[in-house]
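Both complexes below contain chain A, partnered by chain B and then by chain C.
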Partner chain A sequence: MKFLSNVPTTHKVFAGLVLAVLYALPLFIKSPVMLQIFILIFFYAYLTSSWNFVGGFAGVLPLGHSAFVGLGAYTSTLLYLTYNISPWVGMIAGGIVAVAFGLLIGIPTLKLRGAYFALATIAFAEGLRVLVENIEKLGPFEVRGPKGLLISLVGNSFKDFQFLSKVPYYYIILTMLVLVLILTFFMMRSKVGYYLAAGGEEPEAAEALGIKVSKYKLIAMAISCFLTALGGTFYAQLVLYFYPKSIMGLDMSYEIAFIALIGGRSTILGPVLGAFLLRPVGELTRIYLGDTLPGLHLIIFGLVLIIVMRYQPRGLVEPVSKWLTAIFDRIENRRRA
Partner chain B sequence: MALLEVKGVTKQFGGLTAVNNVDMEVQEGQIVGIIGPNGAGKTTLFSCIAGSHVPTKGSIKFNGTEIAGKRPYDICKLGVTRTFQVVKPFANKTVLYNTTVGAFAKTNRLDVAEEKAMEVLKLIDLYDKKDVPAKNLTLPERKRLELARALATEPKLLLLDEVMAGLRPSEVAEMLPVIRKINSVGVSIVIVEHIMQAIMNLSEKVYVINFGKKIAEGDPHKVVAEEEVIKAYLGDEYVANSH
Partner chain C sequence: MIGYIESVINGILMGSIYGLTAVGLTLIFGVMKVVNFAHGSILMVGMFAAYWFITLTGLNPYLALVVVVPLLYFFGYYMQKIVIKPIFEAEKHVREPITVIIVTTGIWYVLDNLALLVFGAEFRVAQTSVTGKMIDIAEMYFPVAKLIGAGITFLLGVYLYWFLKHSRMGKAVRATSLDREAATLMGIKQSRIYNIVFGMGCACCGVAACVLVPFYYVYPTVGVPFDIKAFVIVVLGGLGSIPGAILGGIIIGIIETVGAQFMAATWTEMLIYAFFLVVLFVKPSGLFGLRQDY
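And now, the complex of A and B:
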């Protein structure tokens, strides 16, 4: 545990406590609706953390990540429906497909800066969605265009990635989230992390220091696309029915970006904080106002984003972590005294 | 064999010839200065060596390897690192983080890179600021950080682009021993500078460039007495008066 040696004890204890509470939560929460809300919070925290590798650490703003969610979902589900390949295996295949597409669009676009990269990714995601909507059959695969894919119920089966209760989904996505956060932690403390931060901020200076900026951005893109696609398979198995607009629509891409920007990019906990703050708003407006004002949550997110950018341009994680650190320091001092 | 050998380098931007057929040599262990009036093409020549520009014509050899047209990161890997006239620190990161980025050029391990970075920070007297974010540094400190970062890549040749521009005379006086110290640990240096006091003090040899052309080279004290150089800096009438 040498790598944790410079993390203060109180931080470790706090992280341990939070994890214990989250892992114990399904013992107390029995309502599937509540569990579903938590599952979606973790799901979005997971997607945003995956997005963070490019959108945070590589310093560009991708706005089409739902394309990779869709690629993951479609790949694993088509393999399952056509060849009865377990979604767990299909998940990895989906990741690889997403990496291929990610590199394909990353190579020409990652050199673009600011809004141009964002626009290119939007165009890619929308293009891919329209393409899928127009494909009925692709080789042996029944893509079914805008009608989408339906995974038939087989009851509780780990191999088929299907569970009647929400609890297994809860544990799967929580574990995926914890793993991606651990990966982020290690990435930030590695050469790749340092090089991404340098290349994102001052590309010219970074190159002079021996950093092949475009190569490291592509590495980040590959990691990000792979992880995002795994999330896509999870989502497909959670809802069991999806169509292009529901799984690769731009509102999902925007929501990821909103969560990241409000929570705090290029930090470990920013995406988690953002998801915990924004997802419940999304769920509640959808439950109570979904019929009359669909999409209201995006308007609310937009307003929150404007306010956060005005007063905390680096995201809410900064004041929150300052505040937590102050509390931890007080505890630490009292413990020593 | 010279460490750096520049032969007939020309750089044109459209119709403008910024550097015109310049030859230059740096021996191992030397400090070589490049001087010249504003817009003479010093920084462009520099950028050609460091790989930020591709020369239109000519050859640049480092340690016998042709580097003209290579990308900056490849040239850095070979042992030539530059600093920027307008400093470009990673502003939100600490001094140590900035320097560690440089040190990663020779290792993949964070602990090794951090150790190297601390060694460099001690060498150039920035160690006590290691945990300060770069954006909170004063200008002289930022210039030093620029040096530290470049030095952490363990270059054989360091290209310094006006590291003393904008500094007060007392700050320049503090910078000179730092540059000498870097040279004394075995790093050859090419330095572009406006401040004559600094150049005269440091370099064994200077090249004078005007309108992209080399107009003089040699011992700094002799070179500044040459007619062409006085003309370039002060105008024709001063040459006439001195006769």
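And now, the complex of A and C:
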């Protein structure tokens, strides 16, 4: 617990309280629709936190992360459908496949200027989507092109990663999110984290100090791709039916980047805050206004993004945490007094 | 054999129009080092403007140029001045201007979905005097609208080249792109150059839009495929290079049409992305790019 030594007690208590509330929530919320909204908030917070390793700490802008979501989902599902391998094992396999692809795209592009990296990741993600749409059969695997994959329902089964109730999914994704946030916390306080921060801000200076910036960026990319692919498997098991446009389209990649920037890039809680702000807007406008005003939630996303970037370029986590810290300080002072 | 020549020429015609949209993108990047992700949406705005002009007035489709090009110039000018400038200024000294890139993505989302809200998702076709007309040259058939489009592109390319090389304003633009600080010391007002360049980039989209409308569908997300092709083209030609953008566009056009002779159209799309990634591996500065630019 040496890492936690410099965190104030009130912060620890607050974090504990929030976690306790979130873990107890399914006891009070019975509506599957509400639970689904929470699951998707956590899912996007998880994806954005994974994105954050490369988009936040490595200081570049990846805009094709849905490709890794898709790689994770397709790998685990194809293994399950063809060889009946449990998706829990397939999840890890998907992560490894995603890392392989991530390194393939990262090695030539992470050395380049930010704009090139952003363009290259878009082209990679779109290229991969078109490729998958064109493949009907790959060796023993039935990829089924644009028709997508359907996982048949077998009922409650932990081995098959299928549950009839939403509650287990809620706990799985919440736990995944907590774990990735803890990993982010350790990463920020590790040598690699400091190297990345230095390399992101002043690459020449960092190189001059003997830091191999592109090596650490590649490490960040590999971690990010692995975690993102795990999220892909989760999503596949949650919805049980997906096709290339739904799981590796550009929209998901952009939404991840939007959430990160609105919440706050290269912070631990920015992605969570961003997901809690943006996802409900998306879900609620889609549910209540989707028929009459199509695309309204995307207009709101765009406008929120532009306004936040104009007035809070580091994201909303900065004013929110300032405000929370002020409250904590007052509590701390009152406790002492 | 004649079929191949026909498809190569058709590729060049369509490719030069891709090149035209890419020229706007590369112009903005060359000066501001910002990739304008909203570029395709601006093309979409231009296409809707041209579509309504043609449909409502019934005039010759190319007369729309007179209205749409200035309209998009001012659209771009004020978009830069009001939305992008404050954000650009804030991270002027940051090495990787990521916030600006993401803000242009936000603009893209707002524009595309506003169009969806206002005009609906249906595909529209402008009925003009050149729509669907073919011309027969040595037993090869070419759409008249594409021939005219390629001609206009060529003229615009020549004009832009002259403008940047010889006009006073063009020299100021080039000076700003080479060294912002030194240009400012010479009395060039940076922010005005940025506004003008953004306007010009968008005006290129306006020209492309007018040229496309007689033979292409108009719908709210029409910009997306052009946007992504323009990204591929500018990297291929070298970010910031105008001849590179036009040549890159022509290469992509040829891959598309000639590839379609051998394989399904969806595979040629794949081929373009693969080609793009190979270029990034082998020569990231593109065909005409300067080393310092990447």
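Things to note:
Going forward, the second predicted complex is superposed on the first by the 332 of 337 C-alpha atoms of A that agree within 3 Å, B and C clash if a C-alpha of one lies under 4 Å from a C-alpha of the other, contacts with A are read in each partner's own complex, and residues count from 1 in each chain.
To be clear about the criterion, contacts are C-beta pairs under 8 Å (C-beta built on N, C-alpha and C of every residue); 3 or more make two chains touch, one makes a residue touch a chain.
Just so we're clear, the structure is a prediction, and the values are computed from it rather than from any experiment.
On the superposed chain A, the two partners chain B and chain C both fit, without a clash.
In the superposition on chain A, contact is made by A:198 with chain B only, not with chain C. Considering which of chain B and chain C touches more of chain A, the answer is C.
Once the two complexes are laid over each other on the shared chain, residue contacts for A:209 go to chain B alone; chain C is not touched.
In the superposition on chain A, no contact is made by A:57 with either chain B or chain C. In the superposed model, A:80 makes contact with neither chain B nor chain C. In the superposition on chain A, A:190 makes contact with chain B only, while chain C stays out of contact range.
In the superposed model, A:68 makes contact with neither chain B nor chain C. In the superposition on chain A, A:299 makes contact with chain C only, while chain B stays out of contact range. Using the contact criterion defined above for the overlaid structures, shared-chain residue A:235 touches neither chain B nor chain C, since it reaches no partner. Between chain B and chain C, the shortest distance over C-alpha atoms in the superposed arrangement works out to 10 Å. On chain A, the surface patch touched by chain B in one complex and by chain C in the other comprises residues 201-202.
Residues 50, 52, 71-73, 76-77, 81-84, 88-93, 97, 100-102, 104-105, 108-110, 113, 149-150, 153 of chain B touch chain A in their complex.
Taken in their complex, chain A has these residues touching chain C: 59-61, 63, 105, 108-109, 111-116, 118-120, 122-124, 126-127, 130-131, 133-134, 201-203, 250, 254, 257-258, 261, 265, 293-296, 298-299, 301-303, 305-306, 309-310, 313.
Every residue of chain C that touches chain A in the complex is listed here, in rising order: 29, 33-35, 83, 86-87, 90-91, 95-99, 101-103, 105-110, 112-114, 116-117, 121, 224, 228, 231-232, 235, 239, 264, 266-267, 269-270, 273-274, 276-277, 280-281, 284, 293-294. Chain A contributes residues 189-191, 194-195, 197-198, 201-202, 204-213 to its touches with chain B in the complex.
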